[in-house]
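Following are the structures in question.
In the two assemblies presented below, chain A is common to both, partnered first by chain B and then by chain C.
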Partner chain A sequence: MDMSADGSRPNKAVELIIQLSVDRVSQLLSKFIKVGAQISLEKAYVTDLSEATARVNAEDVQSEVIGSIVDVTGDAPFKFLFYADAPACLTLTDLVLQRKVGTSTDFDIYVQSAMQEIGNILASGVCSVFAADFNIRIKPTPPKVAHDFLGTILQEFVMETAAESDQVLIVESRFHIVRYNLRCNMFILPSPGTEGVINKFFLDQI
Partner chain B sequence: MNIENRVLVGVGDIKIDKAPAVLSTFLGSCIAVCLYSPSRKVGGIVHFLLPKAREMQGEKIPRKEKYADTGIPELLRRLKNVFNIEKDDFVAKMFGGANVLKMVNRRVGEENTAAARAILRELKIAVVGASTGGERGYKIDFDLATGKVFCQVFNEEVKEY
Partner chain C sequence: MAHRILIVDDAPIIRLMLKDILTVNGYSVVGEGNDGNEAIEKFKELSPDLVTMDITMPEKDGIRALQEILAIDQNAKVIVITAIDQRDSLMEAIRAGATDYIIKPFETDRVLSAVRRAFGEE
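Our next item is the complex of A and B:
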């Protein structure tokens, strides 16, 4: 795990809550698709917004993805994004629907729904870490799903936070699904001030 | 167009350059305003997020690039300062302003499009090409050797502006 890939490190409390969230989300996804899934935390860093979006796009130019964006409101608001590239979305849909992998071939309503549901479950998993382990009251809103360029979805994801702050804390995770070479990613983007709230709740716990 | 010369423009950013650079960006509800001087083959992009700075920030404007009303004049200022070109030499093209997440309460894309048009009109810079609106994202490549913008709406063919 690299906590400071391209920018400064988040604080210890945030690092801990991120790691716990990733572990919880791995378990939830494995149960949901009934296949072993491991989510590894790749990077967590505070960085300049423009550089962050340009860099992700440079790595993944023109990629077609389906993304599920969840706004989490409450004491420590954040935005959650789960996205997968086109082939991974089709495989995930078959796994979710418990049918033979390869059945899904088009980006139909089933694919959109499966991605929405995965986004919902994963965001709820992160919320449960905040609520159960840290007593932070937060609530996910229904996911918004979009099928588009990765660059476009990332832009929509960071937009509200970017309006309020030039620096963003980005948490990038990569998914490894047993038997399938799937490429999925999860981003957590705390709203300005959320880091401080997490720190306060963390200190209250110890 | 040589992709090796590509310069990626992030969200809330300005990039200026000269031929043979190609300035590229992805857009949703944001707008990219491209200014180009055909005689000097230089140009730039501002990729802004919101129409007005003061709505969000009060009197403090930490980053002009994020807003139409501060970002477009800032792009023009940088181009004039770096390349010593007068405003009348520039033409504009604009792209983006989509409603990708199909929001119903606030259509930021439409607001951004209207703001960009109003500011360019105020600056008396002609808009010679545009593709805005819809519900799908945009990818643009702005070729400074020709001034052409290659614009692809998601799942559609690339069009030249």
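Our next item is the complex of A and C:
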């Protein structure tokens, strides 16, 4: 994992839980779409909120994407976002339904639902790492789906924490589905205080 | 006559996946519901032999719907479905009287095994 990006590093416990979570998500995504998904980028950084959207907006802010946003509540709350660009979402839907790739051509309810369900399953996978390895109790709420420009979705995703803190920890991962050359992205945004909770539970385990 | 099944899930894609698996394997999907309230309405209206019920749904969740269905018919067969490792919710559903459970993402064989077991076919 690249923790050397600009900005501060998260603590060791958070680094460990992030790594375990990203591995778990990668396995679950592969299982759901029945095709291997490789992690192509993984980094975590603490940054000022004012700089956060600029950092994560660095590429393709004008691209049309569909994202699944999950609020995870409990001992260590966080926000979860999974998105892919619009053409990739059509392919992901065909893979989930095990249809010939190219069958889905419209952004119908099944495409939205496929993205919603991928978000649901992956966020639950992260929750399972928190529960099984750290004994932290958290629960995902039903996912919300957004179909918009990447910049708009990311800005709303990050800015929702603005009322609580002016610094955010951002975990960013990219998955590459090699056979179809699809790129999907995942962000985890722990709520203020979550890092401390993870650290406490981690110390309790050792 | 084919066993009659009601599918309840807020995700249309999961309903479609389950419907494909069940119909291809000789079961009759008699209805679909989007949340716990629809589950109860359709259970009363259709009297299915089995319900597949997602746990995490908006409005009324699957556990409350399961409890209400069992209050209507204590012999109702309800298989709950949940995303990976939501252990607390799963245990709550089993304590509430769920017949069996399926974890998402699911394999066809696991779905069929749970359904066949519910009908005493395995």
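Keep this in mind: the second predicted complex is superposed on the first by the 201 of 206 C-alpha atoms of A that agree within 3 Å, B and C clash if a C-alpha of one lies under 4 Å from a C-alpha of the other, contacts with A are read in each partner's own complex, and residues count from 1 in each chain.
Convention: a residue touches a chain if its C-beta (ideal position, glycine included) is under 8 Å from a C-beta of that chain, and two chains touch if they have at least 3 such contacts.
Everything numeric here is computed off the predicted structure, so don't read it as measured data.
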>> After the alignment on chain A, I want to confirm one thing: do chain B and chain C clash, or do they fit together?
In response: fit
>> Just checking: does A:69 make contact with chain B only, chain C only, both, or neither of them? Give me first, second, both or neither.
In response: first
>> Quick one: is A:51 in contact with chain B, with chain C, with both, or with neither? Answer first, second, both or neither.
In response: first
> Which holds for A:180: it touches chain B only (first), chain C only (second), both, or neither?
Replying inline: neither
> For A:93, is the partner it touches chain B (first), chain C (second), both, or none of the two (neither)?
Replying inline: second
> How many degrees apart are chain B and chain C as seen from chain A, counting from C-alpha centres and rounding to the nearest 10?
Replying inline: 120
> Of the two partner chains, chain B (first) and chain C (second), which one does A:152 touch, if any: first, second, both, or neither?
Replying inline: first
> What is the minimum C-alpha distance, in Å, between chain B and chain C after the two complexes are superposed on chain A?
Replying inline: 13
> Along chain C, where are the residues that touch chain A in the complex?
Replying inline: 10-14, 16-17, 20, 56-58, 82-89, 104-105
>> Quick check on the complex: what are the chain A residues that touch chain C?
In response: 28, 31-32, 93, 96-97, 109-110, 113-114, 116-117, 120-121, 123-125, 127-128, 131-132, 137, 139-142
>> With touch defined as at the start, can you tell me which chain B residues reach chain A in the complex?
In response: 8-13, 24-30, 49-50, 56, 62-63, 65-66, 98, 100-102, 108, 136-139, 154
> Which residues of chain A touch chain B in their complex?
Replying inline: 49-55, 57-58, 61-62, 64, 69, 144, 146-156, 158-159, 162-164, 166
